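Have a look at this one.
Letters A, B, C and D mark the chains in the order given here, with residues in each chain numbered from 1 onward.
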Amino acid sequence: MSWNTFGRVLRFTTWGESHGPAIGAIVDGCPPGIALAEGDLQPFLDARKPGQNKFTTQRKEADEVRILSGVFEGKTTGTPISLLIENTDQRSKDYSEIANTYRPGHADYAYDAKYGFRDYRGGGRSSARETAMRVAAGAVARKVIPEVKIIAYVAEIGGDRIDPANFDAAEIGRNPFWCPDAAAAKRWEALVDETRKAGSSLGAVVECVATGVPAGWGAPIYAKLDSDLAAGMMSINAAKGVEIGDGFEAARLTGEQNADAMSPGENGPEFAANHAGGIAGGISTGQPVVCRVAFKPTSSILTPVASIDRQGEATQVRTKGRHDPCVGIRGTPVVEAMVALVLADHKLLHRGQTGR
Amino acid sequence: MSWNTFGRVLRFTTWGESHGPAIGAIVDGCPPGIALAEGDLQPFLDARKPGQNKFTTQRKEADEVRILSGVFEGKTTGTPISLLIENTDQRSKDYSEIANTYRPGHADYAYDAKYGFRDYRGGGRSSARETAMRVAAGAVARKVIPEVKIIAYVAEIGGDRIDPANFDAAEIGRNPFWCPDAAAAKRWEALVDETRKAGSSLGAVVECVATGVPAGWGAPIYAKLDSDLAAGMMSINAAKGVEIGDGFEAARLTGEQNADAMSPGENGPEFAANHAGGIAGGISTGQPVVCRVAFKPTSSILTPVASIDRQGEATQVRTKGRHDPCVGIRGTPVVEAMVALVLADHKLLHRGQTGR
Amino acid sequence: MSWNTFGRVLRFTTWGESHGPAIGAIVDGCPPGIALAEGDLQPFLDARKPGQNKFTTQRKEADEVRILSGVFEGKTTGTPISLLIENTDQRSKDYSEIANTYRPGHADYAYDAKYGFRDYRGGGRSSARETAMRVAAGAVARKVIPEVKIIAYVAEIGGDRIDPANFDAAEIGRNPFWCPDAAAAKRWEALVDETRKAGSSLGAVVECVATGVPAGWGAPIYAKLDSDLAAGMMSINAAKGVEIGDGFEAARLTGEQNADAMSPGENGPEFAANHAGGIAGGISTGQPVVCRVAFKPTSSILTPVASIDRQGEATQVRTKGRHDPCVGIRGTPVVEAMVALVLADHKLLHRGQTGR
Amino acid sequence: MSWNTFGRVLRFTTWGESHGPAIGAIVDGCPPGIALAEGDLQPFLDARKPGQNKFTTQRKEADEVRILSGVFEGKTTGTPISLLIENTDQRSKDYSEIANTYRPGHADYAYDAKYGFRDYRGGGRSSARETAMRVAAGAVARKVIPEVKIIAYVAEIGGDRIDPANFDAAEIGRNPFWCPDAAAAKRWEALVDETRKAGSSLGAVVECVATGVPAGWGAPIYAKLDSDLAAGMMSINAAKGVEIGDGFEAARLTGEQNADAMSPGENGPEFAANHAGGIAGGISTGQPVVCRVAFKPTSSILTPVASIDRQGEATQVRTKGRHDPCVGIRGTPVVEAMVALVLADHKLLHRGQTGR
């Protein structure tokens, strides 16, 4: 079945295929009275291309978003906010081959098995193009949680990790990898370049930290904050794993090593560590919320891969020409957006039930 | 806020605190005409204690589940199925200390921050006792998907992994660890025993494989099968990470290594590998659905950990007496149950929209 | 399909068949910290038998409700509240006839057409027995909206209407009809008695007024307050019509006659009239919320009615022995409960999005 | 709060204000493989102006709908269908007066009380303009239920009723009132004209009949078919009452009069009458589904009505110039659309749980 709405109180619905006339999103449940204009969203869309300063005016390649409803005299009315981006890049390609072939690792075969047929152009609805709308909707969500600051960055490419000791937030916007470690960024430049020339691809791990989240957000038992974060991030194209706090590393620690000891503090407890990643029992503790997403390497590589066509006959699939050797990098602003959407939703959920 | 319903078409709601009179669950949306009786559920509850044969008659320690509605003349009526387990083990403990203290790593502080106060006895609603109802509800879900076989097992304890070459499904029920590798089970016996004597605790990784899932289940974009699996598993107590297929390892493979090449087969394509874990684009491909959950080590250890009390004053918390050194093991039947519930839900979702 | 949950933030789920061991409800999303005990709910269940003082101690015939979760030290914890009533009245009747016959006007045929078979004893899930749980859940909801006062009464039986000029709220609890007009109650006594002796049945109209509802509750466009009220009331057994304010009479007024003119007041506007029934554009205006439900006459009458059996053969159905000649009367506490549940839900919805 | 999605499996979300750049709707959950093009929707939008043949090419005044996603090669893909209508009629009016005044009977005051401020131009989100999207979405829904035929018509204006004996379906499209009784249409012409000249307004009652609905649709207990129909219709602007079958008249019948006797038939039972309006126990019986909506007279009349302004000061409101004396008439295509949407949703719900 098709289910294109995410969220419980602050709900957003996306629509649009890669090669349709446009893509869009509706954000419903946004509180009224919040200042909102295209200028609040566009920078995040511009930043989808790594390496560019968020406030650049060079927008030719970026998608231009329009707000078609839900805002009046510069402020949200509380009614649904419709966002739309026109698909201006309508390249007329010869799709006859792709139409009849299932690319391994992509959703082609699965979509056909489910629906009976699919819009095969550029991946149709399964294309990563849809994530542009998540970024736009995420920008709206950030306005609902101005007290929260969210930063995502690439922590690992092809098994090569950043060194936490070299962490510099300002570095994130200065290289094409959203990498907070200048030395790692340099290594990655060579690695990715090498991979591109070889016609191969690499996976990546994106980490996201949200600070300023107060204690108390999250709705046990089946709308736990970590549960909703996991769902949001696993829904991103190419995502194969999700962690909160120490994640799989926590499974390798002892109880003593994993403890987040508490001591008295001015505004709530002071924590000696944050192995939990800011969430305990599915509810935020006031510590930074830390999560991580693993992205697999794209299957669109120059090396031929055995596959089948729609008639079930053996064939081979290979990408021609220029390809993106590490799609996971582009997941970074999408991860930020999903975290923003989940946190904003939970702020409203919490307020609804407790009045706080 | 409180949100205790999981699922979209096949929906289950749990209720009950650790020290209340009972715990229960409602399963709503179950198709009519399915044979169902307590005997279909009880073995799964009995099996929550590892090492026991599922069909044992020694049920004294296990919880006895009753079906109070939704079944008539031995078959489901299509109306809500109410399950109830009485809390017979009402130990009168002295809770004054726990009432006033926040145990680090548990949900105590977070619940108080959210709700203003909490039922502190045995963890109240945050207790793992709730998972008994998931296991019972999961047993109902299995009846909806008789074509699917689900097996979960512990793949790793305290960093010590099973060897896939030694995998023997029959071994799973023969040791106290749901371990499919006899050699690993032996090592773990020593490791866990050692840890218990030291008053410490270990984490674990549980893996689950579902075979017989046809291609086509999953509802893009925000009810993707992997998304809902991630949510379901992250909602389990102590879960800190979730993987589908190769998970975080996929992020360290190249495109060539990660490819699941396809070739013609009799019933749909043959796959050369299953790095994707049976899900592509959020929809099942017909391959085994493989997922993994990381459980952190329990914070209930004999070593004192610094914490604060309800007045914000410094204090120390330590567990007294006998403790469970590896709670992650007990997550195994719960993981199976959540996978069953998600798959059954998706079978009905898919049928609703496509008629298939 | 089966869908047994009502509400969006304050959600309740009912379960249980007429002749199963018990019936119950889960109320999820209730704010924490509200004083709640069986004594808050029992009077409303006792009052399901009209004519009895709400605080009577003669409870033998009434159902005894137990709170099994969600309350600690006398206050709601914010976790799900499980309510249960045991079906103690297990009369062993000979159901062979009913099992094989479809009673016209009841849900028998429709349930079989939908599910393939049904629990036919006493109407199974379609029985009005389920409404006891609505009344219990409604009592919980009232605690969420202490600022609101809700009164329902029978306004019409068999076409005979109350005279608004004779309205006396105190009269409602003094006669077996929840009638606020003593003269009408007298007429109805004769009318209903007459109907019972004739083996026939009558319909009824129940009116409900909620005062103290502030302006602003309701969520356009598809969770309008009047929309949710209509859904809640139409879901009651035997309901065939719903009105807000003047309802169908409004369709017969002119714009001048229907106007609710406003003038300055101390706490918001003063209204010259309330044709709108307290709701405009789907949002409460601060005026009393007025709604009305039409209940059809029961089909369980002594007069034989032509019908068919499960094999499709012609047969006749007639009720034997004592029957209830006006089931609509019993809808009165159920209408109050549904109004309470909808209003409480909307209070939380409104607070969630606007913070007010 | 804002809640702009309707439906459970086939869900549609509308957006857009009266004087924003556009209005739109997303239809999600539509089965794949259904032929769909603008030509399937446009006639229903054209028909919003009564008196015009559905297949007219004179579309200047009607809104032109575009399908922006969810359709490929002429068939639905199963992904969300985005519909958009541009607001071309951007009259620059002087809104200063309306901005500061609350029109009685409209949603103005209620929206301000809820959100703190509102888009006052032409009613903003509360405007009937939104119903154009319901009509478009309803046209999509009809494609999901080709077996069902839905006809709505005005049954009463200002208390003057049609005569069922004069019922002629073909007459509906021949007069400006969607009236199936030629004699009534004549009377209404005079009545409405008179009312317009007097600067007054009238209410109306719209009736809708759906034939071809099989037995079994509807999801007890809280997604009963009549419940969802009531919610859908009560959500239409100016709706004040909803009836199923005999509605309030049923409350005035005896059990004998209201009985829908059954006898053996070829395809399921034959019914002697249809007082129930095709729904029993919340599930369709196979009989025509009959429902009715009461629309109040518009408050936009030439007669001044006392009101208050935003500062709480006394003022008067009167509509200037041309006004619509009976807005209820325009509810007719909207009622059809909501009935189509509810029935299509229930077809999929039923199929999801029962496989039928």
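By our rule, a residue touches a chain if its C-beta (ideal position, glycine included) is under 8 Å from a C-beta of that chain, and two chains touch if they have at least 3 such contacts.
The chain list, named the UniProt way, goes like this: A, B, C, D = Chorismate synthase.
Since this is a predicted model, take the numbers as computed values, not measurements.
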item: Far-end chain from subunit A, centres as C-alpha averages; value: C
item: Chain pair showing more contacts of the two, A-D and A-C; value: A-D
item: Whole-Å gap between the CA centroids of subunit A and subunit C; value: 46
item: Distance from the mean Cα position of subunit D to that of subunit A, given in whole angstrom; value: 39
item: Residues of subunit D touching at least two other chains; value: 1-5, 9, 14, 29-30, 32, 78-79, 114-116, 125, 220, 349, 352-354
item: Arrangement of touching chains [line / ring / star / complete / other]; value: complete
item: Complex contact set, residues of subunit D against subunit C; value: 1-6, 8, 14, 102, 104-111, 113-116, 125-126, 130, 156, 158-159, 195, 200-205, 214-224, 226-235, 237, 239-248, 250-264, 268-269, 272, 275-277, 279-286, 294-301, 303, 305-308, 312-314, 328, 349-350, 352-354
item: Contacting residues of subunit C [partner subunit B, same complex]; value: 1-5, 9, 11, 13-17, 20-24, 26, 28-30, 32-33, 66, 68-70, 72, 75, 77-82, 114-119, 124-125
item: Subunit B - residues contacting subunit D, complex; value: 9, 29-32, 78-79, 220, 348-349, 351-355
